[in-house]
Every structure is written in structure tokens, then in C-alpha cells.
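The following blocks contain the structures, represented as C-alpha cells.
Both of the next two complexes hold chain A, though its partner changes from chain B to chain C.
The block that comes next holds the complex of A and B.
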């Protein structure tokens, strides 16, 4: 009898067996549950508030079209983000170009210089910019001492100050994807182009720039998306006068206790980011943007 | 100096090609000398190959001709005019890079059109020339493909079309065939040679492949450790190598050491152990009593049957052998001359090789060539 059972067992196990791949998916399950329970679910819950508070319906979203305050915040946010992205890309491109063409030894030092700011607290950096840019700050004093200005310039607690602080924060994020793209460009292509009679400028325009374009687009998407959600830097360098989306959401929820309105703009931000990613995923390889191998 | 005559169409041999000269060209990187006082001259319409092992400085010389490497000393002259200081984009040389360096973001036609575009040629003329260049390398059907969609041989031909499309006076080729498999390489060698004959321009090629150098070139310059060791027509280099390095690098060779015993106007006798060697002499005659080194090609040694006589004869045993299809490669151990490599045609070979088989080897007095020992490695 025991022998019969022993013979029957493998057959039974086979009948109950899951598909071969099931084991691998089971290994992913804990991580999947953790993400869903602790991350996705709470976010959806908060976002749901936008259609339930103060009254069920899409009243909060109507304000997107009717409330000048909301529209102004969105306009300011977009304007600052576009400016920041443009300036960060320009500076980052120049920096990446220099790094990509430097000797391997010089490259390490350049890269260190680019990455060091990332290790300094964003709060410290924002206050440092306030110190530099305020009315009696180093920049105004310096310009005054040189006799270039009569009155101190208004460099901080406005959009200019915010853009300066954000660009400073974003340049490393702009450099990394662009540098990665530039390092993949075969230097022989540049030599070949010159050998065929192209001037340095033509080599850049016709060969280097097109080949580094994927990196440029990737960096643009990364910087723009990061910029949309900026909170600390605009809050400190904007001085409460220039409101960007993240600070406005905080104001609605924590100070004015208008959860519905805050959640509405948060939803709009999330959707805007997902749409940007969806559009550009057709143009560039997003895995490269987030550090994945080719 | 920069306004080189620009022919309107691909001209017949010689008329549009330029003569290139290097005078005492040197390139040092710190204490390392990559190129050491190389002087040579390529006549109009000739095919010159710079041949040497890796690190011999051949690519550095090519890059100095192209203008990518600034020489530490010496000059590059084109038709007698010094172009050493001219930047690469103003030299008007066509170049095929190692690995081809095709622009991956452009189609084949755009790649080929690039040199014309930077010369601001009109669209109609550009398209006509691109078509002609692609016809020349038989790739017209692939004009709209990307380089990544082509095979290695096709990419090589695109690079060639791109280098030739603006009708350069001089075409520089940096190991143009090294990335291809053996059969394709042989095919493209023939194509390249035919192309050179057809358009009659000056070609300067760099390779480490001695077969390629022999089959393609009018002139071969052999380099070692940055120095020009010997330059000449392929046959002259193969038949009359000046140094041991040349004899060894260009084809295979046995080296026979002996002491000069007797010298006559056209003949000398050498003593190598118990063997007396008879050797024809041309040019300088060594003094009796001095050591001499001979280079003897494996294919110039014959197997002697029975008591057959020869100028030089030596007995030995087959130490190792290999069947290569067209022939056998034998290594024969001899008492006085050490192991000798012998190439034996397989068709009607007089013996069936096996290890330990005693054989008699023979060669004529004209078969070997006296060569110099390599001075300080060169």
C-alpha cells in the first residue's frame, strides 16, 4: 500500500503543477505587493480625493478652466520649467562636450566636479543662493563695487532666483545622459569628417550634434519632469511670492485644508509627467534615461 | 599652396595624381619614438603600401600624411609643396579609416554625399557624383540603406566610395581589409587593385598583412620600430631582402649562418659546420673569414633523389610536416644548418612525408640571398 502511494505521488504532483514560469513570478510577488500596498494604493487614494472632496464630482477639475489663480500657478510652473530645462540643457551640453573630449584623467575630475553638488543638501544649496543673490549679497555687492549698477538688482524671491537655483540643481542630471550619449560617439567619425574636408563647426553640426541628439532629448525629458515637481528650491528662492505647483499643493492641503483642490493639481502633475514620458518613449530609449544598459 | 587643381572628371592615370614625399618624418611621444626619420617618395599614380608589425609606426605615418598627427620633425610634401602645417580638412585627401567610420545616422547615399556637401556642391552635381561613386563600387541598390544594415564588405565599399567621390588626388587607406574574413579580403583586394588601375590616382595603404602588401602594391615600404627598413617593388623585396627582418616579415625564410672561406667575382664559399655552401654574390663582396647570414626561402629548396647533384646539398630527417592542400610544409632537421623549413608542392610530391624519414635537400647557388643582421632591431 505504501508502495502504491509512492508510485501515485509523482503523477498527482504533476496534475497539480503550475506552469513552469509560475515559480519565477512568485519570487516577484513580495516586491509587487509591497509596492502596491505601500506606494501605489496610497497615491491612488490621495488622487481619488480630487473627485470626492469637498463634494463628489469633477468640481475641482472645473477650476482648471475657471480659476485664474490655478491657471497662474500652472502657467508659472510651465514657464519656469521650460526656462530651467533650456538653460540646464545648454550649460549641460557645453559641459558634457568638454568632458567627452577631455583625456580620461581630466574626465574623472570633471565628473567629480559635476557630481559633488548632488551630495550637498538641496536646502543648503537654496540658502546659499539666497545669500549670494539677496540685496546685500555677494553678487550685488560685487557689481556695485565694480560700478556696474546703481541700485541692487532684484535677483532673488522672484522667478529669476528660482530658475538659478533649479538650474544649479538640474545641470548634473542634464550632463549624465548627454555625456553617456557623447561617449558612445566614435571619435574616428569626427576625424573622418574632418579628413573629408569638413570644418570643425561642420563636423559638430553634421556629425556630433545629430549623434548626441538622443542624449539631448533624454536629458530634456528628465530635467523637465524633475522640474515640474520642485518644491524646496522654489519655496526658498521664490520667497512665497512666486508659486509653483508643488508649493501651491502644499498650501492648499496644509494651510487652507482644501484637500480636493490640492489633490486635483497633484493628479494633473502625475498625468502630465506620464504623458510626457509616453510621448518621448517613442523617441528615445527610456531605459537609458533611467540608467539601464543598452 | 592650398588651391590644388581640381579635375572635373576622373582623369586617366597620372594626369591628376600627385607625388607625395616624406622628408625625415619623425614623431615622438615623450621618450617613445613612434616614427624615426622616415624619408620616402611615392610617384604619381602609384600604389604604396606601408607594411610592418603592430607598433612599427605605419599608422602614425599615415595619420601624419592625412594631417591628424603633427610630426615632431620632418616634412610632408605634395608635388614639392610643404603641407606639414595644413589642417586635415584642407588637404583634400580621400581616406578609408580602419573600421570604415561610416556615419551611422546617415544613409549610404548621405554618407557618400558628405564630402561633396561640405564642399558646397550643387544638388544636381552632388547626386550625379554620388550615383557614379556608388556605381563604381557596385552599391547603387543600397543607396537608401543605413550602414548598420550592410555587411562588412559592403560597408568597406561604401567607405571607399565616400573616399573617392570628391576625386581626391591621394587616397589613404588605413588597414582597409583587416576587418573582413579571408575570402572576402581576397575578393576586395582584387577590386581595390582594379579600382586603382582604373582611376589612376596615388594610393597609400597601411597593412600588417604581407600577402595584401605583395598583391596590391607597386611599392612596399617595410617599417620596424618606427624606421623605414627597406622600400621597393614587391618582387624586389621578396627576392632581395636587405635585412633579416625583411626576409622574415615578408614571407617565410630559413636563415643560414656561416663563415666566408673563399670569394670569387660572382661566387663565394661559406663554411657552416661540416657543410660547404656555394653562394652567388652581387654587389658588395664580404672579406674571407667574416661571418655571413643567408636567407633561403622554403620553396627554393628541393628534395634530391638518390645521388642527384646540386650546388648545395645537405642531408637531414623530417622532424615535422603538415599538409596544406597545395603543398606540404616540412621541417627538416640537419646537423650543420639546424632545422630547415621546406615547401614542397603536393601534386606529384616525390615522397610521402612521415616523421623521421631521411631526405636530401638541395638548392642552387642563386637560391639564397645574403642579408644583414638587424641593427638595433630595425
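The block that comes next holds the complex of A and C.
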């Protein structure tokens, strides 16, 4: 009797069952709820604040065109981000090129040198740079001991310091997508071009560079959007004198309590990043960039 | 490499310089942490461990480490459960809508944390979660989800979906299929995701600056205050311990990966 009931059960269940995939959809639920209620909602609120405080309307956005302070911050941010992206791409490209052409054994060592810094705390790295670059820092002491400088160089608490620290943070992010693209390039193509009489430079310019271009663009997009909203390294190595967007937003909200203005620049930041991604999603497979995994 | 084509001297030179630039500044904190002086410098006469003794004898530092550890563990649990289930659901359903769900899960990697921090500051104000363990844990948990979704999705890509269909076909319930068929196969991916979610929470500063003040005082917050107020060699000792900790976690991840794809 009991057994019969048990056999009948699946059929009975099917009769009033939910759609076949309901169980799988239920698996999405915890992450979906967390993400919408605790991530997307607060961010949408920021967008809302930017047009409602202190008064409803687009008054905050008008400041983009009228307020020299806002314009200066945007200018500084763009200048530092473009410099950082360019330097990180140059260094990262050479590094990826060498890694892609190295033996598997050597590749592992090179990768270690890229991945370990990637995961070391950004605070620890900023602290290390301060130790090295400040007025009485190790670099100035070293140069002084060698008699190369009369008085300490100003290496930190300015844009130079910020770029040094930011490039240090971004090079690994530049290497990963470029290396992924370069590993797809068949090395025999290079050997073949060389064998047919092309110089090293020609092989690079006519064969390797075009094939690695998608990776280069992907890396550029990634580094640029990460740089735009970067807070910790510019705040520490800028020493409060050179303000980038993220630190300016923090200043508006926590210190000056000007929510509307802070939210406005935060919105501009998000829009700039999403637009950059949208423009380049035609050129670059973004899903691969973020390890979409299929 | 099989083609026998090697990089030229210019590229090799830049590559070496770049790796030195990446690694050397980080290692500099090791000698500085063992200085015999009271200020940040290289050791003059002898090596000294007194800054480590300072650190380990300090209530404030140990308290911060302890709080960070608990927050990281709790938020990793949230990220791992939510992220793993979501990645499995997206993988199995594989439609357009789940592509969007997966893109949604990656948002925290793309949107700057300063923007989220500002929003959360207001949001948690209304929910009464400011400066509370639960608030910081939830914030770190949510922002840890992308790391788990990525590593688990990668692990699932190598998983034969017919195994799941076979299990279901032989009458296993969804729970049984998950428990006995899918999860064992993707365990290394889950572990990798957990490690990265843990490091994420352990290092996270921007959110903490906004949503925590006195009651919740994490290690990054303490380091931040230290850098801005008094630069002393104790900071270097903290930095060394953090570096060692991170490297150990990465070695663990490497070992897991080696087991996964021999």
C-alpha cells in the first residue's frame, strides 16, 4: 500500500507541479534578491538624489558647465586616467608579449610576478609607495647618499605619485586580457613570417600587433574604467592636494554634506563607465573579459 | 612554446623592468618592518622584531584583525551560497534572461565602489544598518558574489550537462542532483571563489569608510588611519603579515587548481 502510494506520488506531483524549470529559477533567487535590494536599489537611489537634492531638477548637472571646481576635478581625473592607461598598456603589452612567447615553465614564473601583486592589498601597496617616495623616503635617501641630488625630489603627494601608484595597480589588469588574446596567436605564424625574410620589427608590426589588437583594446577599456572610479591609491598618494573624482565625491558627501553634488558626479562616473563599455562591447567580447565562462 | 620564436631584447628589457616595478616596492616593507629605529627606515645597526611585538601586543590592532576576520568569514559564506546557486541556475537554464542575470551579478566589478558606498550610506541609514556588523557583512557579501559567480561558471563550463540529465532521469530530485552530482564536481571552483570573496572582504576599505565608524573598525580602516595619521614601522609589520597571509591564500588556490586540472 505504502509502496503504491510512493509510486503514485510523482504522477500526483506532476499534476499540480510548477513549471518544469521552477526549481532552477529558485536557485537564482537568493543572489537576485541580494543584488537588487542591497546593490541596485542603493545605486538607483544615488541617481535619484542627483536630480532631487537640494531641489528637484537638473541644477546639479548645470554645475558641470558652470562650476570651475567640478571642471577641474573632471579634468584632473581624465588626465590621470589617460596617462595611467597609456603607461599601464605599454608596460603590460611588453610583459604579455614576453610571457606569451616564453616556455611554459618560464610562463609560470612570470605569471607569479603579475598575479601576486594583483592580490596584495591596495593599502599595503600604497603604504609601500609612501615609504619609498616621500620626502624622507628610501628613494630620496638613496639618491642623497649617492650624491645625485641636492635636495629631496617631490615624488609623492602630487600627480606623479598618483600615476606611479595607479600604474602599479593597473598593470596586472592590463596583462590578463592581453595575455589571453596573445596566447591564441599561433607562434608558428611568427616563425613563418621570419623564415620568409621579414625583420623582427615587421613580424611584430604586420603579424603580431594586428592579431593582439582585440586584447589590447579590451585591456585599455578595463584599465580606463577601473581608473575612473579609483579611490584609495589617489587619496593616499595624492595627499589631499590632487583631487580625483572619487575623493571629491567623498569630500562632498562626508565632509561638506552636499549630497546632490556628490551624487551628480557619482552618476556621471557610472554613465561614463557604462557608455565606455557599451561603445566597446562591439569591438570586445566583454563576457570573456569578465570571465563569463561559457 | 613550440614555434621557437622568442621575444626581442627591447621587449624583454621592458618586461623585466615592469616585473621589478611590480614586485620590488612590495618587498621593501619587509626590511622596513625590521628596522631598529622608531621611524620608517631601513635597519641601521641590527634587525629588530620589536615592531611585530608592538603589533601583537596592541589591543587595537588585534581587535581590528579579529573583526575583519569575522566579517570576511560571514560575508564569504553569503557570497558563496548565493553566487554558487546563481551560477548553477544560469548554467542549467542558459537562456537570454539568465545572461542578463549573470551580467547583473558582475555589476559590482564594474561600478566603482565609491558610488555604491555613497548609495549604501543613505540606504543603510534608513534600514538602521549603519556601523553594524550585519551591515558591513551584507555589503561585503553582495560585492563578493561576482568572484564566486565567475569561478563557479568557469568550473561548470567543464562539466558535462548529460550527467545532470542522467541523474534527473533516474529520479533524483533537484536537491539530490545538486548535492551528489553537481556540487562535488565544481567544489574546486567554489573554493577558488570563496578565497577571492574572502580576500575581497578582508581588504575592502571604501565601503567601510562610509558605513562603519566606531563599533565596526576593520583592519583596512585601521591601516588607513595609520597611513593618514602616524606613519610608524608597526604599519610595515602589519603590511608584512598581510602580504604573507595573501600569498598563503593564493598558494592554497594554486594547490586547488592543480588538483582540479592535473
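Keep this in mind: the second predicted complex is superposed on the first by the 257 of 294 C-alpha atoms of A that agree within 3 Å, B and C clash if a C-alpha of one lies under 4 Å from a C-alpha of the other, contacts with A are read in each partner's own complex, and residues count from 1 in each chain.
To be clear about the criterion, a residue touches a chain if its C-beta (ideal position, glycine included) is under 8 Å from a C-beta of that chain, and two chains touch if they have at least 3 such contacts.
Keep in mind the model is a prediction, meaning the values are calculated, not measured.
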If touched residues of chain A are counted for chain B and for chain C, the larger one: C
Contacts of A:194 with chain B and chain C, given as first, second, both or neither: both
First, second, both or neither for A:206, with chain B first and chain C second: first
Touching partner for A:271 - first (chain B), second (chain C), both, neither: neither
Which of chain B and chain C A:186 touches, first, second, both or neither: both
First (chain B), second (chain C), both or neither touched by A:149: neither
Which superposed partner A:249 touches (first chain B, second chain C, both, neither): second
Chain A residues contacted in one complex by chain B, in the other by chain C: 186, 188-189, 191, 194
For the chain C and chain A complex, residues of the former touching the latter: 1-8, 10-12, 14-15, 17-19, 21-23, 25-26, 28-29, 32, 40-42, 78, 81-83, 85-86, 88-94, 98, 101-102, 104-116, 118-123, 138-139, 141-143, 145-146, 149-151, 153-154, 156-157, 171, 174, 199, 202-203, 205-206, 209-210, 220, 223-224, 227-228, 231, 235-236, 239, 242-243, 246-247, 249-250
Sites on chain B touched by chain A in the complex: 66-68, 87-95, 97-99, 101, 103-105, 114-115, 117-119, 162-163, 166
Touching residues (chain side chain A, partner chain C) in the complex: 10, 21, 23-28, 30-32, 34-36, 38-46, 49, 90-92, 94-95, 97-99, 101-104, 110, 113-117, 119-132, 137-138, 141, 168, 171-172, 186-191, 194, 200, 225, 228-232, 236, 246, 249-250, 253-254, 259, 262-263, 266, 269-270, 273-274, 277, 290-294
Parts of chain A lying in touch with chain B, wherever the complex brings them together: 186, 188-189, 191-199, 202, 206-207, 210-211
